[in-house]
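The same chain A turns up in both complexes below, where it pairs with chain B and then with chain C.
Presenting the complex of A and B:
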C-alpha cells in the first residue's frame, strides 16, 4: 500500500521492498547477540571505578566472595595475561587494564561472575576498592588539560585543508564575521545495551557481541588473548542500534573471554546503561573559532576554522571535520587547524557522522550569521557560493546536487513565505522562525568480499560479513543479488554479521551499502558470466551461438532480448553442476589489492570523501520551522523538511527511514542531547535514559523526507553514496538559525535549552 | 523529553499487593521462590531467586528473548509486556509478583503464523530500523489502542512516549498505530 514510509522511486532509485528481516523483528525472533542461547551460562557483572585519576590501593573482595553463587572475580591482579592493543589499531582506547592505575571515571576494575545475574549483581555491589585519588582534569578549561596540534599527533590528519592566504582575504574583505561555537559531549545510547557473551569449545572462542565490525573484533580479541585469530569467531546477526558505538573493540570483550576460559563455561555480560557511558566511546565536546569574509554581493573570499576537541589523556582521538567543511563552498582562501585537548576522560570515538556533526553545525551557523549581516536570504547566499569544484585544489565534485535539494525542499516547505526580519512572524503566543542548513557527508567505499550461491530453482544465498544495525543491510544486499541474478528478493537468503563469512568493512562512514553491494554485484557478475557462457556455447541450447552481451537474467532464466531463453535448471544440467557458487573480492579504485588481506586481518581502508582527484559527497538541504513560546520560551519543532541526493538509492523505504531518523537525531542534537560532566570529578552526571535527553514520540511532529534523483558513476560500481549519516548533519544549525529568526537570539552553544532564550 | 517516559508505562509494583510471594516466609531474598507463571497462555512452574525481574525471567529462564532490556530502570520501555492486558515494564516487575496473572509477550501475539494487526502495521510503515525497541513498542501500542489512547495522532504520540526509539522511527510508529487501530477493533468484535 502507498504510504509515506515507502516513497515511490524516482530515477536511479530501487523499489521500497519491505525489510526482509521485518517479520523477525516484529515477532521477537530476530536474534540480537545477548538473545543467543548458550548452554548454562554464568553471568558477569562489571564493577567500575568511582574516581577518574589515581590508583587502587586495595581491593577488598571478601564480601563479594561470600555471596552464594559467586564463581570468580577478575581484577588487575589476575588478568595480567591480557595483552594491550594499540588505540587506533583495533582498540577504541588505550585504557584497557582493570587497574591498578585509574585513568578515567567508570574504568572497569572488576568482573564478578556468578551462577545468576542476581548473585553477580549483589556481589559486585560488595567489591570495596580503596583508592589514592588525584584531582582529575574534566574538560575544556579545567586545570591540567594539555593541548596538541592534531596534525602532529593524529596519523590520519597529518595535513589539514589550506588554500591561498586567508589572513589577506579577511583584511581585504568588506564583510567579516569572527565567531565561536560550542558542542557538548553526547553518548550514542543505542537502545541495546553493551553485551558480550563468550563460549569456548576446546581452544576455539565464539563471541556473541553486537558489532559494526566483526572482523575487527575477531582480530582484536585474538590479539588481546594472544591467540590465533582463526580460533576466534564473532557473531552479530543484529545490532540493536549502534551509531558508531560498536565499531571498535572496547576493553570488556577480552575480559569476558578470559572469564569464560577460566571457568570453562560460557559467560554472559549485559552491562548496565550507566556503565555504557564509560566502558565504550562517545562524541566529545568541541569548540570552534570561525571567520568568514565576503564581498557585498555575498561571494565568499575567505574561511578559517580552528577546532578544539576533547580526548582522553593517552589517546589523540580527533575527528577534524574541517577536512569536509573546507570543501563545501567556493570559499576562496581557506585556513584550518585542529587541536586535541587531553583530559582525564574515557577515549571518545565515532558517533554518527563524527567529523561533520560538530564542524558543519559551526560552519552552517556562521553561514547564517553572514547571510544576516549581508542582508541576504540564507538560501540565496548559499547559491551564490555553490560550486562544482572544491576550493581545496580545485578538484571537481563527482556529482553535487545541493541547490536542487534546496529548491525542492524550499518549494515543499513554503520558504517564500518567510519574512526575513527576525521576530516578525508570530502565531498567537508563539514566535515562529524558519531556518535552513546544508547536510553533507563524505562518500566512503571500502574493500569487501562476498560469496554467492545460485541453485537451479532460482534460489540464492549471499554471504558477506556486513552488519545489520538498522541500516537495512540484509534487505539492500538481497536486492542487489536479486537484481543481478534475475530472481525475486524472496528467493535470496542473506547471511551477514559473522566473521566466518567473507569480510566486509566496518559499518562506519556510511559505506555498507556501497561496499557490500559492489562486492555482491561483482560476485553475481561472475555467476552471470558462467551461465551466459554455458548458454551460448551449448550446441543444442536455445541460446547457442549468441553473444553473451545480448543476454540477461530474468525470472530464473537466461534470456535474450528477442525473448528466447533457457531456464537455470537446464543450464545447470548441461554444466553438470548442482549449484553455481562464486567468491569475489572487490577493491575500490585507489586502494591496493593488499586491502583485502588487510581486511581479513581486521584493518580497513576506505576511499572517497575529500581525498582523491574528485571529491565525493552526499548532500541535502534541511528547512525547519521552530516555535518559541513568548512566555515560557518552550521550543517546538512542528515541521522539518529535508531533501537529499546521494547517488543511487537501493531501497526508498530503508533510505526514507534512515533520513527521517537522522533528522530527528539532528533535532535531538539541537534541543535535547548533552552528557553533563561534573567538573570536580570528571564524571558523567546524567548517565541514564531519564536524564540523558533524547526525543520521545511526543517531541516529534512532521518530518518530511524528499529523495532527489542523482546519478554518480564515479563513486563506486554500485553508484551508491551512502546516507546513514547524512540527515543528522546540519540540522542543529538549521534549528539554531530558525530560533534566531524567531527570537532574534543567537545561541552559539548546543543544546538550545529554553533558559538560553530567557534573555530580553 | 524523556522525563515523561515513566508516566505511561507503570511498574507492576503499583499493584504488587495482589501477589503472594511463595518465599515470603524465608526472609532471604536470595532463597528461590517456587511459583507458577502463565506466559502466553502456558503455565511454567519455576524456582528462581526471588529478586529475579520478570524481564530476566523471560529472557534467561524461559528463553523468551523477544522482550528486550534497554535500561533495567523503567526508563525506556524496551521490556514492555502485558500483565492481564495492561502494559508494564517487566524490568521493574518482580517475577514473583506476576504469578496468578496472564503475561503476554511479543512471542504470544501471532496466532497460527498470522501476525497481529499491530505487527503487520509496523511492517507496512517501516516503524523500526534496528528493531530493538520494537517488541516493546508493539506491546505498548496494543495496550495504547485498548486503553482508548490512540484516537488522535497527538494522543498516540503522547501515550507512546514511554517507549524510546533511538533509531527515531516515531512518525512511522504513529502511522502504524493509526493503521492497526480499526483492524484491532474489528478483530475484537469478531
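Presenting the complex of A and C:
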C-alpha cells in the first residue's frame, strides 16, 4: 500500500520529501529558543494579577526578597523606562505595563529574578499585592461592556463587503432563514510554552524567543527599550507550535530584556501554562446573526451577516471574517457588519485561520439549515450557488476548485448512501449522521528577501528569516532552491529564524511558502542567469555560443536539452569565483517597492484574498460521519474526509500533514475546545491542559486527505496558495451539521458538549 | 513548589513513625506522586516532609492475591498492573475496567491503588490557589464553585460548603463490592469498610477521610460474591480517553432466571465521595432488568440529587448512564 502520509504527487505537486528537521525534532536535537545555552543565566518567574480591573495599592515584596537567591524584582515602580508600543504598531496589546493600573486578569505585575528557577518560583508566590478592585465586565452580556462598529475603530477593516440591497432581497425571497450562532474563546496552547531568554553583549541585545516574526520582534523590542533596532538580534530557529500566538510581540519580552540589563547577566523566562492564557493572545468568543434568502430552486438571493467579537478595553482587535465569507457563493445581495465588544480581558489576537474559523462556521451552518429548509442535498445546494466570480464587485476568482473538491470527497466518503432524513441512520445503539462543509482560506503573499550561495561542488546555502513553526519551512524552502539550482535537497542548507538574515514576513496568514519560496526562486534565478551567461559566453566551453534560454541546471551541471553540459566547478573556475552568491528582494504585484524597506522595519503588508482585481482563495470540502449514543449522547467522529485544492503543492507530505492536523483541530473546535470564563472575576478557569480539552488519539479515527490538482498563475510566482490554515476551517460546521443529521438537534453554540443533546 | 525534606523508608514502622501523629510539621506519603507532586507544584499541598513509601512495594503492599474469600490488592500495586491482572479481569471485571478507563497509560504505570483512592478533587478553584474562596483548601473562606463554573461538580452528597466531585473511578468499584481497607499506624492495625474511608463535605470539606495522622493504607480486600463476575464499569466523558467521568456507574449483578437476586451499584463523576446507590439496588431486587426497572432504579439513585447550574445535566446524564450500565450488565454473557 502506498504510504498515506506521503501521497504520490499528481499534476502541479512537488515530491513528498521528508522534513529535513524531522530526525532532529524527534530525537530532541532541534534547538528551541529556551534550549539555547547562555552563560550563567538567572531565572525569571512572572507574577500575574488575580483581579481584572482596578489598581495595585501596595506591593509587599519583603517575603519575596527574603528568599535566598533572589536577585531582582521588576514592578511598575522600576520599569518606567520601558516605552509603550501600542496594539497595531508592533505589539499584541496596549496593556503593557506592570501596573499600577490593572486592565485584565493575569496581567504581569512583577518579574522575580533569582539564581535558580526554584528560588524564583518560591519568591514569586510570596509577592503580596493589595488591590483596589472594581467589578469586571467579562464577556458578551456582562454589565459594563461597550460596543462599537468595527469599521470606525479597526485599522484594517475600514470597509466591509456590501452588494445590492439585502433587505429587499429577503423581502422578496420565498425562503428565508434568520439565525444566530456562537463560538467560544480558545487558546492556542502550543506545546512549547512562552519563553524568552535575553543576553546583552555591551549594548547589543540578543533575544532567544519562539517567534513567528523575528523582524517584528526585533523592531518592537528596540522600540520598547528605546534603542537602535540594529542593536537587537532575535533568534528563533524553531517554534514548538505557535498557531498565531507567537506572531506579535507580547509585553514579556522587553521586561526580560530589561531584567537582563539591570543584572548584567542573561535572564531566562519560561512562563507557566496557566500564564500563557493571559500573557499572550487567544481567539475571542464571537456571535453571529445570519440571514439567507433563496429561491425555491436553491439559488441564493441575499446574505446578511452581523458579527460580534470580544476584545480588550483599550484595543479594537477584530477578525471580521465577513471579508472572506462574503466572497464564497453567488449570494446575490450582501450586507455585512462587525461589532467589537470591549470587555475587561486581555487583547485577543491571531489564532490559526483567525477570520474564517468563526465566520465560516456560522455561514456553513446556516448553509446546511437553508439546504434542509429547501429540501435539498447540502452538496447540491452548494453546487447551485458555486461561482467563478465573487458577488462583491463581480471580480473573478484567480482559480477555484470547490466543487471538484466536493466531488472527490463525496466519492471517497460514500455520500450517496446518506439518507436525507435526520435521525434515520442508525447502527445498534448509535445514531449515525453525515455532514459536510466548505473550507476556505484567503491566499496571502507578502514581500521577502533571500540570500543564496552556491558552491562549485553543488552545495547551496539559503538564508531567509522565515519561520519554522511546524509548517515545514526548512523543507519547502530547501526544495525550491534544490529545484531551481538543479541539486539534491540534501545539498541545500537552509538558515531561517534569525533577524540577521534577509527578512521574511510574519509566519501568519499562511503566506510563508508563497512569499519565501517566491523570494528564494527569484534569488536562485539570478544565480542561474549568471551561470548561464558564463557558460554561453565562454570561448572554449562546451556550451559556448548557445542561447541561455535552452539551458537548465541538473545534477550540479548546466546542461542543454541535447545532453551537452558543463559542471558548476568548471564554470566557477572560469568565472574566477569560489562561490556564487546572490541576494534578491521579492515584492508581490500590488505592493509598493517600499514594502521591503517596511519589512526590514518590522512592518508587513500582504496582497491577495478578497482584495485586488481577482479574488484568491484555497478551498476544500470536508465530509464527516458522526455517531451519537442513543442514550448517553457521547459524540464520536469515526471518519472525516477532506479534499483540498490550493494551487501548487510544494511537498505532498508536509501538505498532507498540515491538512490532516487542521481537520483534527477542527474536530477539537467542534467537540472539545473552549476556554471557560468565570464572569464574576473575568478569569479563565480551565487554564491548563488537563481541563482545556483537546482530542486525544482515541477521539481521532480515520482522517482521509485528498489532494486536488489546481494550477494558478495569478497568485504569486511560486503558484502557491497557502494552506496551513485551510483544513481547520469549516470542520466544526461539518460536524454540527452531521450531529443534526444524526439526532435532529441543531446546536448553534460551540463546542457541542453532550449535555446539548440530552433533551428528549 | 516550596522546599521540603524528602525521606525514603523501607518498612512501615519507619514510615508511620516518620509521619505519625507526633510529627511537628505537615507530612505526606509519596507513592506514585501523580496527585501529590502535581498539587505541590500548584502550591495546593504544602508538606514540609515527604516520606517515600515505594520501597515497601516488594512486600505485601505490592501484591495481588486471589483467594476463596476474595481479592486482596496491596496499596502500592500500580493501577496498570491491577488493570491487566488476569484474575482481576476475569473475576472482578468492574475493578479492572475502572482502572483501565482511568487517567492515561503513563499515569497508570506510575500511580498506586492507595494513592488512587486518596486523589484529590479536580475542582479548579481548589487547584488554583489564587482563588480566595475555597473551604476545602482554606476552611471558612467560602466556596467559589457554588455560583461559579461548576459543570464538573457533584449533584450528590454536596453541602452549602463544598460541591467538589470525587474524581476517581476505582473507588466506585471498591464501594460497590463492599471492599474493606487495611490500615496501619503506630497505634496499631485496623480494618474499616471502604465506604467509611471518605467523608462527605458537610461543613468541614477540608477533612476528606477518616484516616488518622500518619495512618498508612496497607491493602484493600474485596469479598467474593456471586455478583462479581457479572460486573462492569461504564464511564461517560467528554472524550474517549484520558478524561475524568461526567458520570459513571459501577454495576454488579447476581441474576437468577433473569431476575435480580442482588445488585451492587455505585456512581462516579456525580458525587462528592465514592457513592453507593443503595436505593437503586433495593428497587431492583427481585425484578428483571428492562427499560422500566432500570429507569426506576436510576430515578431512585438520583432522588436526592441537586444541580448547581452548569452541572444540572448530570442528573439526567447520571440516570441514563446507570440505565445503560444495568442493561449492559444484565446482557453480559458470563
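Remarks
Note that the second predicted complex is superposed on the first by the 758 of 760 C-alpha atoms of A that agree within 3 Å, B and C clash if a C-alpha of one lies under 4 Å from a C-alpha of the other, contacts with A are read in each partner's own complex, and residues count from 1 in each chain.
The rule we apply is simple: a contact is a pair of C-beta atoms (placed from the backbone, for glycine too) under 8 Å apart; a residue touches a chain by one contact, two chains touch by 3 or more.
The model shown is predicted, which means the values in this text are computed figures rather than measured ones.
Contacts of A:273 after superposition on the shared chain: chain B is touched, whereas chain C is not.
Look at A:118: by the touch rule set out above, it reaches both chain B and chain C.
In the superposed pair of complexes, A:634 makes contact with chain C only, with no contact to chain B. After overlaying the two complexes on the shared chain, residue contacts for A:676 are found with chain C alone; chain B is out of touch. In the superposed model, A:469 lies in contact with chain B only, and not with chain C.
Contacts of A:657 after superposition on the shared chain: chain B is touched, whereas chain C is not. Put simply, more of the residues of chain A are touched by B, taking chain B and chain C as the two choices. Look at A:758: by the touch rule set out above, it reaches chain C but stays clear of chain B.
Look at A:696: by the touch rule set out above, it reaches both chain B and chain C.
Touch criterion met: A:30 reaches chain B, while chain C stays clear of it. The interface of chain A with chain B overlaps its interface with chain C at residues 118, 122, 672, 690-691, 693, 695-699. For chain A in complex with chain B, the touching residues are 1, 3-6, 18-19, 21-32, 34-35, 37, 68, 116-119, 122, 188-193, 238-243, 270, 272-273, 468-472, 653-654, 656-658, 660-662, 664-665, 668, 672, 688-700, 702-703. Residues 50, 118, 121-122, 125, 274, 629, 631-634, 636, 671-672, 676-678, 680, 685-687, 690-691, 693, 695-699, 753-755, 758 of chain A touch chain C in their complex. Partner chain A is touched in their complex by these residues of chain C: 1-3, 43, 122, 124-125, 128, 130-131, 144, 147-149, 151, 236-243, 246-247, 313, 316-317, 320-321, 323-324. Those residues of chain B whose C-beta lies close enough to touch chain A in the complex are 1-6, 30, 49, 51-52, 56, 59-60, 63-73, 75-76, 78, 105-107, 109-110, 115, 119-120, 122-135, 138, 156-158, 160-175.
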